[in-house]
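Notes for the one structure printed next.
Each chain carries a letter (A, B, C, D and E) given by its place in the written order, and its residues are counted from 1.
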Amino acid sequence: MLFVAVGLLTAGSGLLAVTSRQVLHAALWLVVALAGLAGCYLVLGAELVGLVQLLVYVGAVVVLILFALMLTRSGGVPVVTGPAQRGAAALVGAGTTVLLGGALLAGSGWGAVQVAGPTNTQVAEGILGTYVWPFELLSGLLLLALVAAVAIARTPTGGREGET
Amino acid sequence: MIRPALPYLLVAVLAGLGVYGILARRHAVLVLIGVELLLGAAGLLLVTVGQTTTATDPAAATSGQVLTLFVITIAAAEVVLALALILALFRARGHVDLHADLDPREEAAR
Amino acid sequence: MTDSLRTAVRQAVDLVPDLGTWWLALALAPLLLAAVTLLAAGRWGEEPGYRSVRTVSVGAAILSAVGVAGTSLHRPRLELPWIDGLGVWLRLGADGLSIPLLLLTALVGVVAVSLHLHVPQPHRPEAPDEEGIATTSPIPVVRGTDVPGLATYHACLLLVVLGALVAFLAGDAILFFVGLELVLVPMWVLVARYGDPGARREGAALRFLLVTVVGSTLMLVGLLGVATLVGTSDLSVWAAQGGAGLEPRTQVVLAAILLLGLGIKVPVFPLHTWLPWVHSTAPTAASVLLAAVLLKLGTYGMVRLVVPVVPDGFSALAPVLGGLGTVGIIWASLACLVEEDLKRLVAWSSVAHLGFVVLGLSTGTQTGLQAALFGNVAHGLISALLFVVVGGLKHRWGDARFTVARAALRETTPHLGAALVLGMAASMGLPGLAGFWAEIGAIYSAWAPADDRPDGWFRLFAALAAVGGALAVAYSARVLHEVWSGDRLEPRVPDAVRTERYALRTLGALVLAVGVLPMLLLAVTAPVTELVVGR
Amino acid sequence: MSVVDWPDLTWSDLQLPSLPALPQISIPGLSVPDFWGAPMQWLVLVPALAALAGITLSGRSNRLAAWIAVGGGIVTWLASLWQLRVLLAVDGHHASGSVGPLPLGELDVPLGLAVTWPLALVAATVATVALVVQVYSRWYLWYDPKYPAFAATVSVFTAAMLLTVVADDVILLVVGWEVMGWCSYLLIGHHSTKTAARRAALKALVVTRTADVGFVLGMVMLAAGARTTSVSGIVEHWAAEAPTRGLVLALVLVVVGVAGKSATFPFQDWLPDAMEGPTPASALIHAATMVAAGTVVLVHLFDLLAVTGPARVLLALLASVTLLGGAVMAFAQADLKRLLAWSTVSQVALMLAVLAAATPHTGPDAAAEHLVAHAWFKALLFLATGWLAVLVGGTAMTTVASGARRYRVLRRRFAWGLLALAGVPPFVGFFSKELILGTAESAATGSGGLASVVVLSAVGASAPLTAAYCMRAWLVLDRPTQIEQHAVTYQQEPVERIDDFFDEPQVVHEAEGLERAESAISSSARSGTTLLAAMTLLGSLVALLPVWRVDVHLNLQLLVATLLLMVVAALAVRLAARGVRTRDAAARIPARASLAAERGLGADYAYRLLVATPVVALARAVTWFDREVLDAWVRGAGAGSRLLGQAGELLTPRRATPALALVLGGVLVLAALGVVSR
Amino acid sequence: MTLDLNLLATLPVLVPLLAAVVVLVVDAAVPGRRQPHLWLTAAGLLGGALAVLPGLAQPAGDARGAFCLATGQCLYTADRLTSVLQLTALAAAGVVLALAWGDWGGPSRTGRAPVVAALVLGATAGAAAVPAAGDLGTLLVALELATLPAVGLVALADPRWPAERRARSTEGAVALLMTSLVSFGLVALGAALWVAATGTALLSLPTTRDPVLLLLASVFILAGLGFKLSAVPFHAWTPVTYTTAPLPVTTYLATVSKAAALGAAVVLVRALGEVDETALLAVALMAALSMTVGNLVALVQVDTVRLLAWSTVAQAGWVLLPLASLSSRAVHAAGSYLVVYVLGTLLAFAVVVAVAETRGHDGGGAGTSLDAHAGLLRRRPLLALPLGLALLTLAGLPPAVVGLVAKVVALRPVAGDGTWWLAVVAALNVALGIAVYVRWLARVLGPAPVGAPEPVRVGAAGGGAAGAPARSGAGTDDEVRPAGGEPQGEAAPPHTPARVWVVVAVLTLLVVVWSISPVGIV
């Protein structure tokens, strides 16, 4: 039941995050949704993941997003698309939900199961043992992403640079 | 004890919301928010699977959580790059509207 | 008498040394080398002179013809692994099916490269004035002295011949396909660059390329299907298996795809629309090659790749094929009755003749097959002859319309006139000339098709084909009436130049020889067709 | 009611009794060296080679061409005689091979040759007429630069006809048949600068070839049933069983083809037009070769024809209509050549008619015999007409009027020819026609059925008609002239034979006025016509040879009645001609009728209306359909793909989010598709 | 837990990755230099390529594994096909480096060279890692490693370009990034579903599986890969990004990225085993749509790069085509086709770069328009002939037999499988594709562009043309000639750098040799 509560919170704030017309509000609702997701992880017994979620997302990503929002004031351009596209988007979104939900529920059924996840030690061993190869690559990826981001940020871009 | 159906449902809802968010927004950062929700759905699914199925194989047992961690990290890397680009776009164009014409075909196609 | 003659011939044949696979090399290598040399020579530095280009290309064609002749005599086989991943081997060799066509290709190749390239006029002549007199002034036959791009032109011709030879020699389905594709780009260049600029040559060339590519790729799909099911692309294995182990349904599908693809190449009735345009645009030599060699690839492919390989499928589709062939005969002959462009008319008549070939094929009898193979070669010779004449006339007249008043060929250019008469007579299936045996054989075999063919339909086809024969007479007579006979002496155009005369005489003599002594060909193909049908 | 008790004669009673001894005269066991082949091979090969040589060797030299052509003709003629001798030696049937057999799979194609008695005589006749024509055309076309082509074509023509005669294979029949058609095209259109000649040639070719569709199909059907193309094999196969629908259809088709080539109704119209060809060509086509080929073919197939009722009836009807119609039309023509042409139409129909009438009992040889007879007198008439045309400058009735009076040398030739044509004893035509009459009568009273009755009545009716137009022609030709005295004087003088076969003949207008007809023709050509004239009389002996397979009783009452009718008709014509300035009885015919007859009663118009116009309309429709529908697909594919390309370019999202919609929508569709289809 | 590391096998990935780090370190140590970074990059790529060779040499069926678990499953597996793809990626990156040398090595205030070098190395390492991935985690990470730096490369335009042009390239990068983000979301979701379906993240043939989930998973992952391959309907970014990115980067996207994407598809299809036929329907649909749409739109393009972009879409269909029938042969066929495609595309781009460079280096459309290629055969036969070969390779026509063989290879599994509708669609697309490339080729072979709007005949030009030396010796049928002035190409004698010549020569040689003897295909 705890999960129902956290889940509802996550879903609700997620909904608001994608519908809110206020850019800033949307970002804040995202914070709530991601935090709710972290809660879900905790409820499911994946403490490590939950914490990482909280730290990386809520702590870092969202802060970045907020910064970006501040830096790119929308300047009167509408943030949402026209009603036609929104309708289509809703359709596609609902379709995704139905498809995924149907498939997942058909596979699992309503029955309850024991939560029996690996311990945090096992997860850590997994990362640094079994999955050390993707982990290595991941470090490379992070490095390069940062370098690229910095380089892009430093590069003088064209366009209306002078005007703004 | 937990009913896996519940998180699965949440996964479906979050994925749907993410898709909607991606499609319904034209502000680049807001599209990014949709993507985050989509990734969240993926993570939740991974964790749920990892926590509710019993696997003897350690590699399989940890894969749910480990993959979630990977996804989170990759997402972070992406966000970094994305935001840098969005800033660059803003500096170049003065907006971050993804609904603006991107295609310079008019110049090419005479 | 015949025995002593045979002995003499055999002894003469024995004098020819057996060079083994070197004969194959001699057949193919000169063409390739000469083509590459010519292509390269035109590219950097001074373009080679007219004389050297012609010497090289005619020499290569003749060498290659010698090689083909040797190959036909000794029938060497070459087997080399080529694309190991696909299991494709370089299997080259000649047998009864291919030898007539190989010889035809080699001969027509020599004829084609020796013909002079005419530079098309950039501007079309105006419409005829009120008196119906063409304003074209007589055009001297250009001997190619100052023709730009002559080296490229000859290289393309040689490559076309090369591709056709490879296809006919191929003992592997994929290799056959490669040969088929090899001719496309050179042919495209020939039409697009050296064609008649008044007839939108780029469009015609593109049409040719695309339509035939569709055909050959469809054929490829079928080939790959067969190759996968049989497990190899070796044609001899295909023929030996004879469809054993292939489901009838699969056979039908495979046969349909193969026939569709090959039908475009042939071309069979509703797929023929590309042919007249391309023919009316292409330069003479290209027309000659296209009609005499390239169209044969389609019918040859049917005999080689469909009839023995998927017999059940072929027999299921044969009525349709035969029907389309018959419709093609009637259709094209009717079109010839009102066609006003001589080259297009000859192209149309090709469609009709190949309709006879297809009809013969579809009957599933050895008679039909023999007639079809005969028709293949006969049409090759006849169409080559006709296109040499008609192409020459087009150069002289400035265009190929024959409804405007021209000087009567009989009075002004007797050589061209006689060749036209011979060609048209052969084209209408006159006995004693090459076209007859194919026609009568096709009609006969359609009347008495194989046991698993629907009699009624095929008899209808036979009757219609016979009517088509009558229509052929009508249009041939129409052409002769308009072009050959008459009392006009102006505008006077020059008669055939020396190379044209040689070409026409050779082809004409062969048309006559094959018509009078049909067993020259039939005896070569008989053992193979017996095998094909015999199972 | 029988007026007199006529003796009942059979044909064999009339035949010469001594001649059967002839075989014994020949060297028994004449072994022909293999190298030399059989004479029938030479019959075909020599003229064919002569043609080839004439074309390739002679170049522009008329002289060389003439040597080759006439030499070939002589050799052919000798071969035909040799053939007769061989046939005597081997007792009536001689077979040989040709280029065959062909490896044509299931179909047995031996390509054999064979001669039997009546056809050997036909072959000899053909060879003779061809030789005469070659010799004659050397003179007739002396100044023609295209003479080599003409001579070669005549040679090919001869070869083809002889092939048809000696063929024992339906394929060879078709070969000869169609080559003849083609040669007739070339010969009729020889003066290709003349529009009328070109048109006539085209018409001849197209009309006969259209009918040949039936011929070819019929032959194919016959061969298909028997699985062989050998005539003997076919006859054997089909005769073994009761006539089937297939056989009936096949023969009906063959009859249609024969009708085309023999200018039988409804294909009759090409033949009179073919008079545009040079006269030697007309002589060849009309006398012994092309139009007679149908008879030859049906003689080959007679054993089948005789048992196939519908084909016989069809043939009988067509032939009877043509027989009478042709005779009537001949009477109305205003041109001597056209008169002869229509007479050919009529006479050839006569041959076909008797074939239709004959039963296995009576045998077909009456037709072959009339073929031979007709060859002699018709060739004579044509060549004489050509000669006269050279002298007087045309063949119109008004031009040739009094011709036979002015040029006495022609008088006997015309007279004999016309008498033979009319069937007056003792000329060859009499015997052959009586034989025909006898055959028809025997068949009609025997088991011949409807066909025989029809034919008998038509033959009976045609006799006075023939007599009438012959009489008319003669009256015109023989009209007295004012300068008859001069002609007589000149005839008295010794004629200076200045010409030779290979010397240039005297210029014609020198002869004109002087009316020294002999000097206008080469002596060889002249002797050719003399030979023909002789044969119209001596040919009767041929008719009496015991080699003819005829078994008929001669009804003498009928014979006398026919002769009487002919006399009456001739007298009537004489009566009608009285008072006409040209002595032309046809002048009594209303002008419109005679004009219509000259134009072939609008057959041309009918052909155009019924065949040519619809076919051309169909052809236009086909080209339209081809261009606008079939090709439209191909063109449309090109234009369509460009259009689709433009559309694709336009539809491609140019903005980021719609592009993403494409992505996600695509995924959803693909996934849903997968799930649903599972 | 025991893990068999066997790092030697992973060298093809590790060497470029480490080289990237080294480049960054060197830049940190000695800032402001450019050439050393590029040389280091070249060395890294070369080292990687050398490290692939043992993998190539192993017999068919064997695989070099690394990071293997006790169960014998490896997170890194390289068999011959994998090695071929790796080598393709590395070599193509090398070619791109050669093409971009002048651009990246050019003067720049911002220290762009080391960043670009590191990004190239990193992305290439990712591309090399993808086909060897043994588990979903590696796949996810490697894919992103191959993608994200490439996005950076697109964004890092030449600072010498005009501002507007650079802004556009930023836009192109954003388009690419957004699509890649979404596709990553899809792949991640697909991976999660895969785990849910099979219970493990290892990409070995799973024993227990939920078919519906597995289907969904494969479709989601395929969609994500479809984006990288530019398969329809995931292709929308392609024309935008191709035209806005610097030409060498476009080349990179068209070749190395494709190798990575195909590697992932190969991994996935192999793991799917021989059962899942509905996923194959998705592949078949993608293939058919891609080739059709790509060819159709390419047919109306007037710019070579856009044409190549759409041709990439079409070729993606061809690459996917064999995968529509599951078999080992199909996977190899796709690999073979990809290699040939990469070869042809590299050669075409090399010539396009060379031609564009002679038309002024503004990165604008003028240098890459089809018109710029008109009469190339007359003007620059040494560029035109390789271009012709490249186009014919892509079209699949002799004399570029290798392209033809590639088409045969790609068609064979489908035809053998009996998926006739797909085979027929493919056959029709061969013709469409030929129409696309021949349209270009016709320009190359055709007459040189005419300066004046009205073509004037030679004779009529008279005195005006007297100044221009007659070029009749050059051997062209100059029916028309520019009335005044010289053809544009002649005005500024082209100077194509030697490295481009080398690239063109080597690639041409490869095409020719491979056309004569297409060894190693499949």
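Basically, a residue touches a chain if its C-beta (ideal position, glycine included) is under 8 Å from a C-beta of that chain, and two chains touch if they have at least 3 such contacts.
Here the structure is a predicted model, which is why all the values come from computation and not from measurement.
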What shortest step count links subunit B and subunit C in the network of chain contacts? 2
Counting hops between chains that touch, how far apart are subunit C and subunit E? 1
Weigh D-E against A-E on C-beta contact pairs and write down the one with more. A-E
Give the identifier of the chain nearest to the protein's overall CA centre, each chain being represented by its own CA mean. C
Note: subunit E sits from subunit B at a C-alpha centroid distance in Å of 27
Between subunit A and subunit B, what distance separates the C-alpha centroids? Give it in angstrom. 6
What whole-Å value do you get for the distance between subunit B and subunit D if each is reduced to the mean of its CA atoms? 94
From the C-alpha centre of subunit A to that of subunit D, how far is it in Å? 100
Shared interface positions of subunit E, touching two or more other chains: 1, 69, 135, 137, 140-141, 144, 148, 151-152, 155, 163, 166-167, 170, 174-175, 178, 182, 186, 189, 193, 196, 212, 216, 239-240, 301, 435
Contacts with two or more other chains, residues of subunit B listed in rising order: 11, 15, 18-19, 22-23, 25-26, 28, 31-32, 41, 43, 45, 48, 50, 58-59, 63-64, 66, 70, 74, 77-78, 81, 85-86, 88-89, 92-93, 98-99, 102-103, 105, 109
Pull out every residue in subunit D that's touching 2 or more other chains. 649, 652, 654, 656-658, 660-661, 664-665, 671, 675
Got a list of which chains touch which? A-B, A-D, A-E, B-D, B-E, C-D, C-E, D-E
If we count contacts the way the header does, which residues on subunit E are in touch with subunit A in the complex? 1, 3, 10, 13, 17, 20-21, 24, 66-67, 69, 75-76, 110, 112, 115, 118-119, 122-123, 125-126, 129, 135, 137-138, 140-142, 144-145, 148-149, 151-152, 155-157, 159, 161-167, 170, 189, 193, 196-197, 210, 212-213, 216
Which of the residues in subunit D end up touching subunit B in this complex? 649, 652, 654-657, 660-661, 664
Help me check something: in the complex, which residues belonging to subunit C touch subunit E? 42-44, 46-47, 82-86, 119, 122, 148-149, 151, 159, 163, 174, 177-178, 181-182, 184-185, 188-189, 192-193, 197, 202, 206, 209-211, 213-214, 217-218, 220-225, 227-229, 250, 253, 257, 261
How about subunit C: which of its residues touch subunit D in the complex? 1, 207, 210-211, 270, 273-274, 331, 334-335, 337-339, 365-371, 408, 410-411, 425, 428-432, 436, 440-441, 443-445, 447-448, 462-463, 466-467, 469-471, 473-474, 477-478, 481, 484-487, 516-519, 522-523, 526, 529-530, 533
Please give the residue numbers of subunit E that touch subunit B in the complex, ascending. 1, 69, 71, 73, 135-137, 140-141, 144, 148, 151-152, 155, 163, 166-168, 170-175, 177-178, 181-182, 184-186, 188-189, 191-193, 195-196, 199-202, 239-240, 243-244, 301-303, 306, 364-365, 369
